[in-house]
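Down below are the structures I want you to see.
The following pair of complexes shares a single chain, subunit A, combined with subunit B in the former and subunit C in the latter.
On to the complex of A and B.
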């Protein structure tokens, strides 16, 4: 319905113009009771590199999906170390939907995420390590296979290795074969690992 | 023949569960996330759902809440997850799961629970 969309847009533009667009004004709008004002503030904060912390604090409390998406988009655009660190902090959230949205956002930041991937993959929390492997799924970075091989070689948690194994089956090359064989020995009592490793080895060998 | 929908974003996990269940004679369908699973649940009656938690678009909790609250399906659901925390289990049961299993699931264990919940093929 194009006419309705145009009216909505005009209303939103009007709302936007009514409020101060400087940094303090945008931070104030980010805490507005009106989701539309919060969404506009989140979008406009993309030009303020110092906004990352405030955006993440709002994200953790945000119950409007479209505002949450706008915040994640802005954090992705900021893409500085603080923004990335804030996204990592969200990976530790108990909110599954938030975690999944953050994982999707971080997949689009290969250059920014790469320097911290080593620490994510060796985090003390196995869930964070699993999410880190999830991020690698479409990170499009030349190190991905090496990172995955390191995980299945060094990690002792079966589900971290299983998650890395699933991905290695898709992106692995002949360089992964030894690591995959060794993984079968490490988890010889786990039928899923044996199944997935055999599948990965077959796919890689036939590629 | 009883039909089971496997909902997981990991292709290898879906294939692993499919092999176990088809090997025991069950009919199996797959969905890669909660949205696709909802679409299938609306069109087809399944005897059981095997649901992962962490999935893009709509996670396992969201899928179960939708099918239970919208009365789309009341068939038993096994939630499988990498997370063994008590809080995750409580969330799963609160969303409408009948059983919570921690990955990786062993074939005998999975079949035992499936037969317990919906009987043989």
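On to the complex of A and C.
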């Protein structure tokens, strides 16, 4: 039979450790010219809580997608305040793909992102505020509706409010109705806001 | 507790959300199936309405209830020749591409994970022996892994119920199995052909040695993982594959929703995912 069997020991023997896997060794590997070595360093750094800064520094200039993904996954697993701050920093990047990856990563960190959500939603940059609402879309946290109500109540940027409004249409409860009515008054010259707010109000009232 | 009912609107909202999170789409004719299970979970969790329950599912930090919902909405049953179109894709499309680009005579390596009780790995062997015209020109290694050592022992024994083998053509059942109690045992040659190993896909040290595969079958597993674990599994597969190697997921799973590491390949038999040569 041409199906041949490889014994388990051979599977394990294929792994040869050429470089030190301690913290200094992994940082060195993170700067290797070989993307595969960088990717493995990024994955192995998940057990080193002090690795976040070095990972983000690498992420900002990383041109290999697979290494970038490994770094983001490791930052998500580290999930300490430094890692989260580093992710927030990447939200301000001009690199759209990186921003989207970071938004996805932050959706997986409800407890870590919650303490900084207030400041993200009041950031001076409306794009960052929109990204923060994007994070709320899948953030498993009981305060999501409250955050969204605050956005449509306080934010003056129509695109930020429209993004929050779309999400409230999905997750809002009767508690959101007043805020939705007020939003219609605040943007009475914006047909989309009126339409989407009416839809959300109808959906919530009929639920 | 008052009767819980799922309105048309509730169904549509749930369907849209569940699709977004899992890639599983329920046709309208599945409404009864979905409603019944939703009501079951609503009652089980003590929620008072669909609205309350849906909010809990979305915003519960642990994601435990969402996972319970996934488990109850999916049917986890392994049997021979399950999702046969991917085996057809293997012998008709993937392997011809792999052999065309191969520059050595090293064995073609296939990893089936999770092994469960071995149906998938043995199905691959049978399919190759029966349907791949080049089977005598190449050596093939098939490794099948699972985290559960009890199920691995069952896989090595290779004893199956009539239900497990019901999709096998009778001539193949006769050719590769022998009666065993109320069921069948797969023949010794096939049992010897597959290497079953214990591996935890989430343990970097466990998976580090798994390299150099041409094809990985990982079907109907990632659906049970959370988002971070799915990404981690995708990275493991990426590192385990040779450049241009293929990953086959279950019909309701999509790598594109998990990671952008892989290229989508559309073959006549179905969609699979391919590790690119360069990752720019």
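Keep in mind that, in the parts below, the second predicted complex is superposed on the first by the 191 of 207 C-alpha atoms of A that agree within 3 Å, B and C clash if a C-alpha of one lies under 4 Å from a C-alpha of the other, contacts with A are read in each partner's own complex, and residues count from 1 in each chain.
Note that a residue touches a chain if its C-beta (ideal position, glycine included) is under 8 Å from a C-beta of that chain, and two chains touch if they have at least 3 such contacts.
No experiment lies behind these values; they were computed from the predicted model shown.
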{"item": "Partner contacting more residues of subunit A (subunit B vs subunit C)", "value": "C"}
{"item": "Which superposed partner A:64 touches (first subunit B, second subunit C, both, neither)", "value": "second"}
{"item": "Subunit B versus subunit C as contact partner of A:130, first or second or both or neither", "value": "first"}
{"item": "Partner chain in contact with A:39 - subunit B first, subunit C second, else both or neither", "value": "second"}
{"item": "Partner chain(s) touched by A:77 [first = subunit B, second = subunit C, both, neither]", "value": "second"}
{"item": "Partner chain(s) touched by A:142 [first = subunit B, second = subunit C, both, neither]", "value": "second"}
{"item": "Subunit C-contacting residues of subunit A that also contact subunit B", "value": "97, 104, 170"}
{"item": "Residue ranges of subunit B in contact with subunit A within the complex", "value": "10-13, 15-16, 19, 53-56, 59, 61-62, 82-83, 87, 103-107"}
{"item": "Complex interface listing, subunit A residues touching subunit B", "value": "94, 96-97, 99-100, 103-104, 126-127, 130, 134, 158-159, 162-163, 165-166, 169-170, 190-193, 195-196, 199-200"}
{"item": "Subunit C-touching residues of subunit A, taken from the complex the two chains share", "value": "1-8, 11-15, 35-36, 39-40, 43-44, 46, 63-67, 69-70, 72-73, 76-77, 97, 104, 107-108, 110-111, 138-142, 144-145, 170-171, 173, 203, 206-207"}
{"item": "Sites on subunit C touched by subunit A in the complex", "value": "9-10, 13, 17, 21, 50-51, 55, 58-63, 66, 107, 125, 128-129, 135-136, 138-143, 189, 192-195, 197, 204, 208-212, 226-228, 231-232, 234-235, 238-239, 259-261, 279-280"}
